[in-house]
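The first chain written gets the first letter, and so on, giving A, B, C, D, E, F, G and H; residue counts start at 1 in each chain.
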Amino acid sequence: MDHHRALRRGFPETVLAEGKTPEQVARILGSLAAQSELVIATRASAEHFAAARADIPDAEYHEQARIIRVGPTPGPVADRPPVAVVTAGTSDIPVAEEAAVTAELAACSVERVWDVGVAGIHRLLEHREQLTRAGVIVVVAGMEGALASVVGGLVDVPVVAVPTSVGYGAAFEGLAALLGMLNSCASGVVVVNIDNGFGAGRFAAMVCRRTAHEDEQ
Amino acid sequence: MDHHRALRRGFPETVLAEGKTPEQVARILGSLAAQSELVIATRASAEHFAAARADIPDAEYHEQARIIRVGPTPGPVADRPPVAVVTAGTSDIPVAEEAAVTAELAACSVERVWDVGVAGIHRLLEHREQLTRAGVIVVVAGMEGALASVVGGLVDVPVVAVPTSVGYGAAFEGLAALLGMLNSCASGVVVVNIDNGFGAGRFAAMVCRRTAHEDEQ
Amino acid sequence: MDHHRALRRGFPETVLAEGKTPEQVARILGSLAAQSELVIATRASAEHFAAARADIPDAEYHEQARIIRVGPTPGPVADRPPVAVVTAGTSDIPVAEEAAVTAELAACSVERVWDVGVAGIHRLLEHREQLTRAGVIVVVAGMEGALASVVGGLVDVPVVAVPTSVGYGAAFEGLAALLGMLNSCASGVVVVNIDNGFGAGRFAAMVCRRTAHEDEQ
Amino acid sequence: MDHHRALRRGFPETVLAEGKTPEQVARILGSLAAQSELVIATRASAEHFAAARADIPDAEYHEQARIIRVGPTPGPVADRPPVAVVTAGTSDIPVAEEAAVTAELAACSVERVWDVGVAGIHRLLEHREQLTRAGVIVVVAGMEGALASVVGGLVDVPVVAVPTSVGYGAAFEGLAALLGMLNSCASGVVVVNIDNGFGAGRFAAMVCRRTAHEDEQ
Amino acid sequence: MDHHRALRRGFPETVLAEGKTPEQVARILGSLAAQSELVIATRASAEHFAAARADIPDAEYHEQARIIRVGPTPGPVADRPPVAVVTAGTSDIPVAEEAAVTAELAACSVERVWDVGVAGIHRLLEHREQLTRAGVIVVVAGMEGALASVVGGLVDVPVVAVPTSVGYGAAFEGLAALLGMLNSCASGVVVVNIDNGFGAGRFAAMVCRRTAHEDEQ
Amino acid sequence: MDHHRALRRGFPETVLAEGKTPEQVARILGSLAAQSELVIATRASAEHFAAARADIPDAEYHEQARIIRVGPTPGPVADRPPVAVVTAGTSDIPVAEEAAVTAELAACSVERVWDVGVAGIHRLLEHREQLTRAGVIVVVAGMEGALASVVGGLVDVPVVAVPTSVGYGAAFEGLAALLGMLNSCASGVVVVNIDNGFGAGRFAAMVCRRTAHEDEQ
Amino acid sequence: MDHHRALRRGFPETVLAEGKTPEQVARILGSLAAQSELVIATRASAEHFAAARADIPDAEYHEQARIIRVGPTPGPVADRPPVAVVTAGTSDIPVAEEAAVTAELAACSVERVWDVGVAGIHRLLEHREQLTRAGVIVVVAGMEGALASVVGGLVDVPVVAVPTSVGYGAAFEGLAALLGMLNSCASGVVVVNIDNGFGAGRFAAMVCRRTAHEDEQ
Amino acid sequence: MDHHRALRRGFPETVLAEGKTPEQVARILGSLAAQSELVIATRASAEHFAAARADIPDAEYHEQARIIRVGPTPGPVADRPPVAVVTAGTSDIPVAEEAAVTAELAACSVERVWDVGVAGIHRLLEHREQLTRAGVIVVVAGMEGALASVVGGLVDVPVVAVPTSVGYGAAFEGLAALLGMLNSCASGVVVVNIDNGFGAGRFAAMVCRRTAHEDEQ
């Protein structure tokens, strides 16, 4: 493991639990936690957490976000604008929570706006003021992923779009949402991998953190 | 040619010009025009029209729609609700015109609403009243095709979505818009082939015509 | 939840059960049923229904259609033409039932025509009269999906085509049928997502309802 | 060149002109013609033919089929059942002609049935008797390719289906027709590559020839 | 069910078991068996067979071929050339058996040639004489599917190629073999759907049967 | 046109020239320039520029970036960190220039780092200090697009990755680079559409501008 | 089985266990082991091994590599340069072990370099000397597969790249890594199928063996 | 340019001409030639060469291989086994020549074996002895690409397979051949990008060169 890399970036060392056994995840987390105040595992199942908890009593589990955390979540740094995390539907919430918790672990404040999909545009419009105040917006949507374009056109804030695998048939496990977001007619929209809430939260936090860093100068 | 089929359907016999030589199109149109009051050719180039005009002096060309018409456009039948044709951007207009002219040729009145893409949602919202009064709405959009979902969520009117090949890169010649529209989170949205303005206009007219037909009873 | 939207559309509020836990579905249905006379959940498993039934004693289950219904199915509105629902094969029936029940929930009368795939064209031809009287036809077919084109060519009625994931190998989970239906050589054919019986039934009912609405004027 | 292979198979040596310069095609045809009574080039343009004609005065060009022939077409062998070649639309004729001419060059009689696509099913039904008498049927269709299934269900004759690149948008250059034909719900249908009229004609002739060969024993 | 179609074709009525419950398959087979001497179900699991056997005591199960048969396999008709069924590897045998049993059920004699993949070309060459005597060859191969081209080049006999889903990674569930076979550089090769042993056997039998029919004249 | 939207965002109104005629672009630019100090057209050809110049004498052309500009480029706002634009190869420069000029038009300073592809990793390492000082890095790369991951792992700065259509064969017009960038093993990497230099520059400028905005408070 | 082929190649006869039952694998291995000193089965599960061990007491299991071995691993031949096997991440190790064990079974020495993905480029650079001394390098990586390009650019040694199915979403089961490696901007990189550690190890050993063979002359 | 990299690898610095203007190629070649004895440009058109020749009088053009060379081709180093380059058909020769010339520029001797596709397996078998003596074999094939598997099974020599874009329809510009080669049932086969003759020749030469290098010790 390259601990220097982790420290250099001001973000907890992160283990991708998916594809590893519960025992492997528990062992790696334990080893990392011996050297760092805060370490996490993403895409972690309940089994991963059970194994980790057995070894590391103060491990905690963000269940919806599927994140195991060892060490305290830092409080948000003052004067940084919040990260807004927005979902189209209820089924997008687990990926959105992964993004939200990730940003919080990077000391950002997060505002959650759930279930404002474009089929009911007025619900979204009611949140316009709130979204305008965000430093960056993470938009999480499956099916056709149209929410990213609408949000990107609505407010003058950078948008990180996360396509989800929510949907069926020609959604092709998130491909439809991915292509939709890549072809957004709104400018200011960038995209991460399907279901990659962690990547979106991490990027949002980097933008948010740099903003604050400049403030401090 | 199966003329009975054409008559049975109350729509002019239609020739797909694309993939035929100008001479072939001129000859077929001439032959059909000898037996019918109104015949058309779709996806017709200027060359197709030049050849047709040389043979059939009263042939006319709907240039943007790329439709050659031989015979008079019927006036709209009274009491039928209008077909609304809506585009996301300027580049979608040729396909939208193909839909609009097709519906007009089936004796529907058409309302054109151009350039109301979701990146500027307020332009679309200004047309809400107008769209609510339509009998059916044809939504024409390329890139991510999000307009279909937003319109479908906005008004309680059946929506026929036409993905266009407008865009580049991961638009994949209209595939992104097609998948987006098929996965629309709004109900009441159906889809036709990429750039198939004719098909959308034809279907819209069938719905509109049946509505009127019921009225007459 | 945006109840006004539901009321505005004259269709029961609908919950997509797939991707939600039985408990979530039961809770949402219960909450909606407290405010509306009729609510439904689609793509619901037996487990979803068991949980719903435990909370809401008068919940009912359309098993083949996989729809949970709370509240009475409205009787069909007189003078509306029926919706015909047609399948190519036996395996397409669950998706077809989803379409049929959906249309019935919107107060349409439905005629079911099962198992008239194109490999035995004469069975379909026997139903021609019946299909001609329909207000709209929902065609449900997997494999190559050819039935949509044949029906579209046979009668002068709008066709909503539903590709199903029935088939194997190069059927690619419904992609072959989807592409076939999008490229139908018959005009008057529109398409919804793979296995989206609900979307087809909903659209068919919108067309049927508007027709009736005009009648009433 | 492996002339023995050609002779062994009872079919003229064949050059694929596409991808070769006119000069190359002319030179290869000339060399082959010095050793064989009958040689051909497929997918040949007018330029290919001009170069061949300059070198080989008795070269002939089947223009629609895009086949250059050097040597006499053999008369059909008596008592072999004919090969029927059927198209869905006018634009499929060049590929169908390639199949038909190929079968004729293998000493089969060919019956051409043009323009019987499924959107007008009655035109096809009128040809049922004729198709039943064929030894093998080549079905040539683009767009959704549904004709292969309908023919396969209609008569008890082996069907060789040729998808064509006719269509646009989600036809994806013949992919929709290819997938449709591979998933045909009718049994007795086999498929060749997109636009491969030569392959279909060649296979049909092999079936036809063997039939006759058995007769002679 | 369209029994006339089955009788017309001289092949037992066939039920596709896959996608049906064991009870459904047992019921349909029982109903068909009451009217026909020989009926079958394809892609049938052991559970399907157990249910069928409980209802129909003389049902038999071709386990590798996954075919349930009710009624006697007809003996091969004399003077028809045999159908050769060839596999590249051991894992292709179930699909090959489906083809072989299907051809036998149509009264063809079948010669099985297993495990002659192109990585050991000499094993295949040893069977050249045998293959030359066949009336039609069914080639069953997964992975890259190269065996179809090599057999097609080796002997002057029509080849029906069956791609299988054997392989992993970029085999994409049989897509690689399917594309390879469609692009065969050997002429005389046609293709059926991935894993469609039934379709290949059925087509081979139709060719074989017609050949014999001509003999009888 | 929605001018308020443009003003609200602090970025010049932008016309997508591609897909429009030179005359259309000239007319739209002229109309916009009458109301705004600075307007641009992207993906503009030399023909587009010639037409624009004829109408608007002070139009200027960023040839490599294919951007027509009417009005002065704003000087970079002090105290904002620069945007670094990095390319893998020479052929990526046009897309990179589009990103760079776009960021400059939004009043950002830009540092160009050309031709540091991963096949010669030491050239990239020499720029590490420079990249670390950037506020955001735009990485432009075709073929396998690996540069985005390496840059993302090297420095703790947000990375906007632009896949380009540079490459051939299995590059599939930029698809390989797009997928590679979406699956980057480095965190802090987001992606825009293939060849979308404008989108990347626009997003980078939004991040850069907000940073400065916070500074000013 | 073609034993001569196996002997000719100087590599143990190999059974692909995947897709075979444990009993089949045990039987084939037993039969082969009666004739050869060393035989193996690849892609073998624990169940495969249990069945093999029951029949063949001295069968051994390389668990991570999923290889069953019957007979002694040959010692590495002196003077052959080693094969280096390199992984991007921990999840790539099973495929890498398959490659490494395969090369060892062909009498090559192997150097394992785990977990040097490009997100931490300095870990890779520390291994540069070691990699330069290798005769051939097998690079095993999932996600975007960028490691192959970086290694290929770093040292002047032939690289065999193995894409793995590690990743999610737009990794598409290894497709992203496969395309990335095929489009590597570094020369000297070749590719095998997704997860095909055996193929890479086998090819590496062939190169290594030939090198030694030349030495001996 | 990183000249040290080029020197380190013992291969002439290489410019990819495709995608560059003739002037750019001429300028870069001139600059490189001032510092190196031998430089080349690949995928170069006649226009590229004309511009290069105007500036650099001793530039030479390998027309079929589309390679511009400035400086003398090195003679082959003694005692290295030859590289065999094999094609399936005539249309594959340009890509094969690119591979062959590339290997010659790296001081390898090359044996060309043209037109031994698997449809005429005996032509290939006649070359078996010759292929067995090669140090590495480059197999160049389009369509289904089966030649790679057959060669890989025939001789115990490493095979580098190059899929070409030769073919049409479902060849999908070389995709069919690429997938076929990746799934080769023969071991010892690795693959490069579609039409990448340079990459194959370069890799073959690296293998060949190392062999010789070991000899010299």
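Following the convention adopted for this analysis, a contact is a pair of C-beta atoms (placed from the backbone, for glycine too) under 8 Å apart; a residue touches a chain by one contact, two chains touch by 3 or more.
From a predicted model like this one, the values you see are computed outputs, not experimental measurements.
Novice: Which chains, if any, touch chain C and chain F both?
Specialist: Touching chain C and chain F alike, sorted by label: A, B.
Novice: Determine the shortest chain-contact distance, in steps, between chain B and chain H.
Specialist: Step count on the best path from chain B to chain H: 2.
Novice: Taking C-E as the reference interface, which entry in A-B, C-D or A-G shares over half of its contact pairs by residue number?
Specialist: Same contacts by residue number as C-E, out of A-B, C-D or A-G: A-G.
Novice: Distance-wise, how many Å sit between the C-alpha centres of chain E and chain G, to the nearest whole number?
Specialist: Computed from C-alpha means, the inter-chain centre distance equals 36 Å.
Novice: Roughly how far is chain D from chain E, centre to centre by C-alpha average, rounded to an integer in Å?
Specialist: Centre separation, chain D to chain E: 26 Å.
Novice: Can you compute the centre-to-centre distance for chain F and chain G, using the mean CA position of each chain? Integer Å is fine.
Specialist: From the centre of chain F to the centre of chain G is 42 Å.
Novice: Please list all residues of chain G that touch 2 or more other chains.
Specialist: Where chain G meets two or more other chains at a single residue, that happens at 5, 119-120, 153, 169-171, 175, 178, 182-183, 187, 193.
Novice: Run through the chains and report each pair that touches.
Specialist: Those chain pairs which touch are A-B, A-C, A-F, A-G, B-C, B-D, B-F, C-D, C-E, D-E, D-H, E-G, E-H, F-G, F-H, G-H.
Novice: Quick check on the complex: what are the chain H residues that touch chain E?
Specialist: Of all residues in chain H, those touching chain E are 88-89, 117-121, 125, 143-146, 149-150, 152-154, 167, 169-172, 175-177, 179-187.
Novice: State the interface residues of chain H toward chain D in the complex, per the touch definition above.
Specialist: Those in contact with chain D are residues 90-91, 119-120, 122-123, 166, 168-171.
Novice: Which of the residues in chain B end up touching chain C in this complex?
Specialist: Touching chain C from chain B are residues 5, 8-11, 14, 79, 81, 135-136, 153, 156-158, 160, 178, 182-183, 187-193, 198-200, 202-203, 206-207, 210-212, 214-215, 217.
Novice: Within the complex, which stretch of chain F touches chain B?
Specialist: Listed in rising order, the residues of chain F that touch chain B are 2, 5, 16, 18-20, 24, 43, 163, 165, 173-175, 178, 193-196.
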